[in-house]
Amino acid sequence: MSTIEFRSDNSAGVAPEILASIADANHGSALAYGHDAVTERLERRVREVFEHDTARVFPVTSGTAANALALTALSPPWGSVLCHETAHILNAEGGATSMLGGGAVMTGVAGEDFRMTADSVRAALAAVGWGDPHYSQPSVLSFTQPTDRGTIYPLDEIAELSAIARGSGVKVHLDGARFANALVALDCSPADLTWRSGVDAVSLGATKNGGLSAEAIVVFDERAADELVFRTKRSGHVTSKMRFQSTQILAYLADDLWLRMARNSNERMVQLAAGLAELHVEFLNRPDVNMLFVRISDKVADQLEQAGLLFYRMGVETIRLVTSWQTTEADVAEALARFRSALT
Amino acid sequence: MSTIEFRSDNSAGVAPEILASIADANHGSALAYGHDAVTERLERRVREVFEHDTARVFPVTSGTAANALALTALSPPWGSVLCHETAHILNAEGGATSMLGGGAVMTGVAGEDFRMTADSVRAALAAVGWGDPHYSQPSVLSFTQPTDRGTIYPLDEIAELSAIARGSGVKVHLDGARFANALVALDCSPADLTWRSGVDAVSLGATKNGGLSAEAIVVFDERAADELVFRTKRSGHVTSKMRFQSTQILAYLADDLWLRMARNSNERMVQLAAGLAELHVEFLNRPDVNMLFVRISDKVADQLEQAGLLFYRMGVETIRLVTSWQTTEADVAEALARFRSALT
Amino acid sequence: MSTIEFRSDNSAGVAPEILASIADANHGSALAYGHDAVTERLERRVREVFEHDTARVFPVTSGTAANALALTALSPPWGSVLCHETAHILNAEGGATSMLGGGAVMTGVAGEDFRMTADSVRAALAAVGWGDPHYSQPSVLSFTQPTDRGTIYPLDEIAELSAIARGSGVKVHLDGARFANALVALDCSPADLTWRSGVDAVSLGATKNGGLSAEAIVVFDERAADELVFRTKRSGHVTSKMRFQSTQILAYLADDLWLRMARNSNERMVQLAAGLAELHVEFLNRPDVNMLFVRISDKVADQLEQAGLLFYRMGVETIRLVTSWQTTEADVAEALARFRSALT
Amino acid sequence: MSTIEFRSDNSAGVAPEILASIADANHGSALAYGHDAVTERLERRVREVFEHDTARVFPVTSGTAANALALTALSPPWGSVLCHETAHILNAEGGATSMLGGGAVMTGVAGEDFRMTADSVRAALAAVGWGDPHYSQPSVLSFTQPTDRGTIYPLDEIAELSAIARGSGVKVHLDGARFANALVALDCSPADLTWRSGVDAVSLGATKNGGLSAEAIVVFDERAADELVFRTKRSGHVTSKMRFQSTQILAYLADDLWLRMARNSNERMVQLAAGLAELHVEFLNRPDVNMLFVRISDKVADQLEQAGLLFYRMGVETIRLVTSWQTTEADVAEALARFRSALT
């Protein structure tokens, strides 16, 4: 029986348009380390897409690099990055920000639906002695948007929390590993989701949504951008043939490819969630984008695995299902059939 | 007049075989972060190529990452990495090893022909108080092979210096950004150039020789390899879709592609050097591989640039010429014609 | 009206015996950086006091240095230090361990009475993917003994939790900023409270209990001790005239001075707590040693301050009272009189 | 035969005035971490002594701490600290600045008499690509004054080199481990030797000149001072009972004590050098302050040691002789007698 991939959008392949763009960039020679025409074109394109004249872009090859470098450019070493207690940057990057940031720390903040709230952010800001070196000083508020549990912050929440942060001199970062999925879900512009809502820097992920090794830091804060020139290089995150990184993101942003792929992911999740709801499967999150956590017995999980369904087990009787740009309607229909069979 | 590229082998494109391997890897889904079949195949292949049963391989996307991570896995934070005073790791990586290594330092060691010598290494080892914490403790000896100035260590020199190092408990690293060029020049095996000569870890570069973003750390030291599992991830150097990194190196190592490309680079340099020697151009290094530094007047350099020759100016009346896998006999012939014209 | 000092045991002075020992050490000349006879004597003395033949001692001048250096010698940079969520090392050292430890992180663990429990430690150990570099790897379990809220772990709890930790290859640290107060409260030996209960390294505080600038790391783990030779120096924590540090701790450990001073602190707290209980003041911790948090209205706190009582306000309607080796029975009696007056 | 101490000024004892000041500070209670009246008085006193209204002072307990913390407050992590190739910060602090500074590097600069020159500094500034992240960016010029080899920069050289540095946006630090010896030798004011000559921060050493554990960072650069509030704490360099640090420096600066003690050191060296010159001993440095390196045969060195002379052997047939505030005329006379005897 054929396998159906719900483990991660990281497990999907590369979009043909992106692969083609790499071949296209492979003509003639070019200066290394980003001093090439493709990378220059990328910067212009990012400024158009984000409607921001001085935005800067730093292509990197992993989401951990994008997050940790962006955060360390926004935070002093004695800073504390506030994020939701389920955030990827806190739990799943091996202490990258603390290492690259000279000992900056992460502070988990509570909140329902896997989102920080105005109250929890205010409480975190009030819990420290400002200017007192015994306390790591809150320096960045980081949104994971969508969250690691597949929920999404409404635009006004981002703006509200950003304003609270900025009121205390705290910078704002957005971990957009699935940025396009959020754009589609919110039906808003990149500018709305970022600088217009108070965001200083965004980790713009493309790998999970059809890229090969395509992540980028998009920065609206000039000082942070100036630092990133050095921070990216000395952490080994300036590829020599950068044009092949830049071209991926150019192709990704062209002709709404990113939105079309994200829309497919999100819509396949709508289809999947609707079917599972009919089967009375218990949801552990509201599937705002392309990720769903459900409670099922180990026995059912075993059966689904035997039936060729690929997914992650996330602790006791919990599995995670992720759709991608490659998931088809037929995949979901077949998956639902297998669920139905396993559940009865 | 058409341009001829001698700036850097980094400026060249991607070999068609490597590009094709990426397309080939783009079928089906695969686990992320290196838990995929392509990456497993790469490890088996590296063990064959290096004739070493327990070698481990960590694909990364930049040479700085490969060097700095390998070095920090071999050195304690209070260590000192000995390298030639012209080494890339000392002068051109923005302090990467010191940052990623918790403050490890680099110690430049002298030596003619841009190579460390037994005497200079012994002197460096004797200059510190061993066990005395006032002194950074020599922890790694790092060869740049070929050197940043295009010369090459004979195998017996590597073995001799490695033995000196190991006699003091110092580990041995080889920066092989142009590893294949060295293999071809020395006509030796990967095993001879590395572990059989006492090397614990090698930065295996492929990007300069036809790769897209293909570098790898090959490690023969088990403890260092165990550390690299963590060190690569937390520095953002584990790409999620790693199969597309691994496949590049697999293609690179297949059917002697790497040696064929390196051989072209080296042979084109032989052709270029022979022609320049006839023109009585002053050489600043012995062009053992694909790199030549020559002294020419600024006026001549200006004329060459106007004639479409691309190269780097490296200080007063010095230019660097680098051939690549893409350089053709015709390119070199035409370049020599332009030199002849500029010099007369 | 005279002031009465309850702000911190840090606010107290230096014991005359310790001051005298400094004058005594000021004869003749001595090698710097710990290669002196006083420091050698200290090492022998520490081995006697801790009944451990290979214990090593590193005098430092602050508790933050003792904690952070001990922890980084026990943890790899990708490690995670587990401690109670109220621990000083997590909340009040400005990220020292993360900085000095190359990005090691701290993980707060819950537990009543400000103490970790077997369940909470087991849960923390189970929450990570062991060997998976996405997760900071639990590397050290750190007890604050007594806790920052004045409670104390019984010996069997320390032994139990240490055994759980060691079962997972996790090292054990004890932050003994008020170590002597714990010894007196538990009426146990230094060996019982440390290595016999599974502790690998202890931050032995003396400053809060009559020292001038006298802290020391006492290490039972040989590898950690070997690392501390380098870690202390390169962080600036090897004083040149170290004999004047060592002599303080020698005097502290002589003739039970440390226990006598700690006993006074603890007994004055018994006296104070008994009096406040009679006044029906609400306690927020069980005052096992020399520290008590109580709830009083802001109005009462204001009055007490006006009456010359010195204490810290710790958030809403909460104050902290700390007795020291210098606190007298008369001080406490007078303080209770002022409380009585303010409360009525 | 009695020993005579020439190993290090670190080997000398504590001045009685400084010891007395510690006892004087031991009255009443005081807030910890520098929020005490003695430390406030120290800041006022430092501003008077340095004739600078906004100077800030951070007492620490080691010279390595003073240097490394000052340098990291003046340098970004991607910076390079230029210093003479014999400087203590480069060779004898175990990589402290690189560790505490997030991977900042040290660049040794040549120059006769153990001093950097205008030419060597200009060359170092010209050797890098400014703004190019491949290169660590020169960020601080650090004078060791007096140098580690006992020579001294004239004021106009400090001003000239500082001006060159500042012209490139490079900050200026002065390692004044023996600051008072330099003041006496140059007969200039603290202001002349520091900010009036372009210095942004100075490591003001007192331990080698009669202090117990008394070093301080004096900062004229406001941003660096603001950073040091955090950098000192999180590296463990804020002692809790700081009044006992501050009082040492207050006593040191009172009634010209520091100058009187330094004058004795310097004058005893004049006496010693004159005597050794008469004996035709070969000098390896010009003894501008209290330190002399001489060439003598191993046989003579052995004899001197047997005769009770204490000194350091510094490599082949080289010994170092250091006088201190405690060295007497009789000590020197007796030492010269022993030299005479050993040499004949």
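Each chain gets a letter, A, B, C and D, in the order it is written, and its residues are counted from 1.
Here is the rule we use: a residue touches a chain if its C-beta (ideal position, glycine included) is under 8 Å from a C-beta of that chain, and two chains touch if they have at least 3 such contacts.
Everything numeric here is computed off the predicted structure, so don't read it as measured data.
Each step here moves to a touching chain, and the least such steps from subunit A to subunit C number 1. Distances between chain centres, each the mean of the C-alpha atoms, put B farthest from subunit C. Distance between chain centres (mean CA atoms), subunit A to subunit D: 50 Å. Rounded to a whole number, the gap between the C-alpha centres of subunit C and subunit D is 34 angstrom. Under the contact definition stated at the top, the residues of subunit D that touch 2 or more other chains are 33, 77-78, 93-96, 99-100, 102-103, 133-134, 230, 233-234, 238. Residues of subunit A touching subunit C in their complex: 77-78, 80, 91-106, 133-136. Of all residues in subunit D, those touching subunit A in their complex are 33, 76-78, 102-103, 131, 133-134, 137, 227, 229-234, 238. Against subunit D, the residues of subunit C that register as touching in their complex are 3, 5, 7-8, 10-14, 19, 22-23, 26-33, 60-66, 68-69, 93-96, 99-100, 207-208, 211-213, 230, 233-241, 244-245, 310, 326.
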